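Below: a set of structures, written as structure tokens.
There are two complexes below, and they share chain A, which is joined by chain B in the first and by chain C in the second.
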Partner chain A sequence: MRRWPAWAWVAFLASIPLWVRNQYYLHVLINTGIFAVAAMSLNLLLGYTGQLSLGHVAFFGIGAYTSALVSLGFDLQLAAGYTFVFEPRPVWLGFLAGVAVAGLFGWLIGKLSFRVRGAYFVIVTVSFAEVVKLVALNWVDLTEGPMALNNIPPVTLSLPGLGELTFWKKEPNYYLVLAVCLLSYAVIRRLVQSRAGRAFIALRENEALAESVGVDVTRFLVLAAVISAAIAGAAGGLYAHYIKIVDPDIFLFIYTVVMVIMVVTGGKGTLLGPVVGAVIFGILPEILREVARPEVQWIIYGFIMILIVFFLPEGIVPAAASWRKARAASASPLGAAGERA
Partner chain B sequence: MSAPAAVLAVEGVEVRFGGLVALSDLSFIVREGEVASLIGPNGAGKTTAFNVITGFLRPAKGAVRYRESLLNGLRPSQVAERGVVRTFQKTSVFGGIPVFENVLIGLHRRGRAKSWEILLALPRVRQEEKRLREEAMELLSFAGLAHRREEPGAALPYGEQRLLEVAVAMAADPSLLLLDEPVSGMNPSETAGFMKMVEKIRGRGITILLVEHDMRMVMGVSDRVVVLNQGRIIAEGPPAEIQRDPDVIRAYLGQGAKRAGG
Partner chain C sequence: MDQFLQHLLNGVILGGSYALLGIGLTLIFGIMYVVNFTHGELYSFGAYMVFGVVAALHGNFFVALFLAVALGAVLGAGIERSLLRPLRGTSIDTTMLVMIGAWIAMQNAEQLLWTGVAKAIRHPFPEAPLVIGPVSVSWIRIFVFAAAILLIAASHLLIRRTRLGTAMRATFQDRETAALMGVNIDAIHTVTFAFGSGLAAAAGALLGPVFVVFPTMGDLAALKAFAIVILGGMGNFLGATLGGLILGVVEEMGAGYISSGYRDAMGFLIIIVVLLFRPTGLFARAERVG
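This part shows the complex of A and B:
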């Protein structure tokens, strides 16, 4: 079926910094990778459980803020005369804290959304994102509000024998993002191809029937929300230590919309869909910037999006799969007679 | 003459939708290993009774007991945990995914893998997955759907979707299976096939409670028939008795009827 085996793709992606020397291109690829992780996490909820989280950027932002704050340190005046001082911790610890805190909020949203489905789930998640944004904007003691968290340290690895390696350059950041991408992909793949993943799909396909055969739908929705939020938090952590500045604009609604576009055009409920969507809509604006005038760039962008949704409503990955299946069926004389859905 | 013990007991159940009394003081039992049918004209409250038993509706009054446990207040998934599994009046399958996957979801209860075990890909998770797939294939053969396993649930013809529903319910390992109008809309030969399947299910030691309008099916497979009209039970007994019961004939055909066929 697949023309390239998985390891060949990984080898290709790993080789990119060896022949792409242009730093700006690498920057675009790193951003694309971060968005791919975020889109994969959204797909777990939207594509598998069928619940549209329109506040998904909140988990991304929580991961970014938590990771930045833990690695920068902060102090909070909790009561008159008492100030809580948090010393800066290593970046890897901040990153893990970001994943954990985002996951915790995912759990909270999952619990809150007990029996809340469809439009109501959308409202819960949108409101959640707005509340988190207001907190980031107004709790100046902690988040610096609109002044932003600056000078966030980049990822540092201490390798035995080699000393400290700090990720100032694009190349190590590229590999870091690639590693998180592959890890997220592996986690989601394992999950959706298991008993738990079938429970997610059961919720999407027919909740009443799922309940009636003993699937505790709420429990599995919470599980999906936790893992989805944690992965989005990881994407946020990558972003914070790569861009090195985090402000409340990270919670802009448009980022959630971009993630949704990536998932839907790539193919929701497929493993590769969000990655394909992220690559297309991560790189497309950069290509358009070079070939079109600023005022037409976004018009073309929107037009391409509409074309994809119009002609491939299932998304690119499912369309490619059925096209390949059709071609395989017509290529072999036996397959041509076989049934085709 | 000791009749088998009652496994399901519906005791004084009352359900109201606003001011409308859908069920008033409904009581009946189902015995171990039997095929019991709940019949009655449209709107008599049969599906409402199913919804109460399986946790989709909470009764205003009364209790539902299954073996030792009280089912009131449990969620449908918890009722299924206790071995009570239903099908739906309106055909209900996982339409967008292959038939094989439909049955795999039904097998949820037979899997034990925890989320963290899945994430670590422990060997026992893989073994369990293999076992579940074999069981799914076995169930598909049982329902005569093995040749359809790759097709999406929604792509099956109507009669086969109804068989798939039963296969999914059977996958959940019921000890009591509730079938809500399983043969409605089937042609006579499909119905005959379904009746054979009910016998096979019963052969596996599963108790069955059936709601059905097709009287040939009801009279053909049931050990006992409970007749419901306007939320109350008006008759109860073996099929042959029920067919002659004047109250039942009146409920189905009205006052003026002189003759009533099966």
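This part shows the complex of A and C:
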């Protein structure tokens, strides 16, 4: 079987709403796409720079809240009886604001936390996510706290000649998510194949060595954190305007864990790994739902994570690549000799 | 002033149990270099064991406490043998992922077994609090604090005064050399993990009757334990003890004087501030592990 070229995959993905009419299946695919964007963004940090960010859901949530608040508008009681009123703005502006604010927090966290590494870095990122969750829960003036932000408007596009297009239905949302997926993939691909990407990988493999040949460690780590956070924020924005409700539960640690499982299962440090992981763990719950309660599903997830680390530590995509290579080598008469030459 | 004293007392009493949690985690990190995400599950395991023995089996409260700690240690030994020993020598991220997987499986097993409804544990202490001058404290909290201090003192003696403790400290300082001197590193790792898990179960068993018991109670406990470990310096026994007390007091003061909604944020703010200004912990100069 020959590999499909990239355009064939894109055409296949774009054709799905034409032959999948079931709205529920489309809903599952949209969710999967949103998680794929988030997992790709995590992979940039976890897979390419080797920094395990366990607070990643914070950037997702910040993107969702920012985008929702900008498009809903809000007012804040400031000191001395003065009220700051923010009028509702168009959804696309909110979405971009979500991306920007998430990126800004990525910069802040990068600046602060890359003074430390390893276990310390993990714990700083977890703490950051918990603090953000508590702020979302307690700053009721702004976020409505546990009452949640409701009636978030869907994405609206005004196209020349077509008039206003509001994304109420599944199909346009599917295409929107697909577009953001492809864009994120392209951005990350461009980044990791550039000089910056080689710097990331050098840092992951041997930080001291990379530094000794002149790689500015902090600068590249912060760059990775900003882009990763911004893309996670984009995923959050998609989520907010698709689901149309955002509450502090969006910051649950378990969502970060889901992203980590996706990246690790698919293959960290590969472009396709997080997408493969997102497809598996986006669709698996829907299959398991028929036979298992949510708790049992989570137990299965936990075991899958352990089994992957024990038996497939590189993840599915690298394992499949080396399997294909081995098969190609044994099929050709030159075999392993050709491989070696 | 009276209010201040009351907050201080509450904080110190809460801090005693936090110290137990932090000591267990800091020993595991210091000796094994494993970021133990199952720590919070051992904490909730301890609480559920007490609940199970007292409510379901109508057992004695104190027997239940003892059983919870012992079974917590056995469970910890099981986790170490099955999940961590095969991965000895791999990167810290690898073991961290496995521990996250184990944590998710354990928490949801609890949810399945006990349901998500919060449970209260009945205890044999009188409801009326002890009033000393301007402050009052319930009897169960006095008992919890005394038991925590006793366990901390016993752990300290174990690490400083026994052959096992010497072997643990040697492993912490230099694993290879310790092995050359005849220390059984595998056994030390199992014992350390079991010991740390037992302390986490003890903290859960003691705090369970003070608060309520629910499956995700361990999440916040584990994150607080991480805060304590960072505050005290990783692998630092005395640091974890003081760190636990400090966190308890800061939380109570924060809840009392700033906002009770941000009570649980205090630990994380401490983590962020400590790592910014003193990444080795507040008590870095004290000798580690012991």
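Assume the second predicted complex is superposed on the first by the 313 of 341 C-alpha atoms of A that agree within 3 Å, B and C clash if a C-alpha of one lies under 4 Å from a C-alpha of the other, contacts with A are read in each partner's own complex, and residues count from 1 in each chain.
Definition applied: a residue touches a chain if its C-beta (ideal position, glycine included) is under 8 Å from a C-beta of that chain, and two chains touch if they have at least 3 such contacts.
Computed from a predicted structure; not experimentally measured.
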First, second, both or neither for A:215, with chain B first and chain C second
first
Mind working out whether A:113 is in touch with chain B, chain C, both or neither, as first, second, both or neither?
second
Check the contacts made with chain A and report whether chain B or chain C touches more of its residues.
C
Just chain B (first), just chain C (second), both, or neither: which does A:205 touch?
first
Look at A:298 in the shared chain and tell me whether it touches chain B only, chain C only, both, or neither; answer first, second, both or neither.
second
Identify the partner contact of A:91: answer first if only chain B is touched, second if only chain C is, both if each is, neither if none is.
neither
Give one of first, second, both or neither to describe whether A:127 is in contact with chain B, with chain C, with both, or with none.
second
Looking at the overlay, does A:137 come into contact with chain B only (first), chain C only (second), both, or neither?
second
Chain A partner contacts - residues on chain B that touch it in the complex:
54, 56, 75-78, 80-81, 85-86, 88, 92-97, 101, 104-106, 108-109, 111, 113, 115, 118-119, 121, 125, 128-129, 132, 150-152, 155, 168-169, 171-172
Of all residues in chain A, which touch chain B in the complex?
187, 190-191, 194-196, 198-199, 201-202, 204-206, 208-217, 223, 339, 341
Taking the complex as given, what residues does chain C use to touch chain A?
29, 35, 83, 86-87, 92-94, 96-98, 100-109, 111-112, 219, 223, 226-227, 230, 234, 259, 261-262, 264-265, 267-269, 271-272, 275-276, 279
How about chain A: which of its residues touch chain C in the complex?
50, 52, 112-113, 115-116, 118-120, 122-124, 126-128, 130-131, 134-135, 137-138, 253-254, 257, 260, 264, 293, 295-296, 298-299, 301-306, 309-310, 313
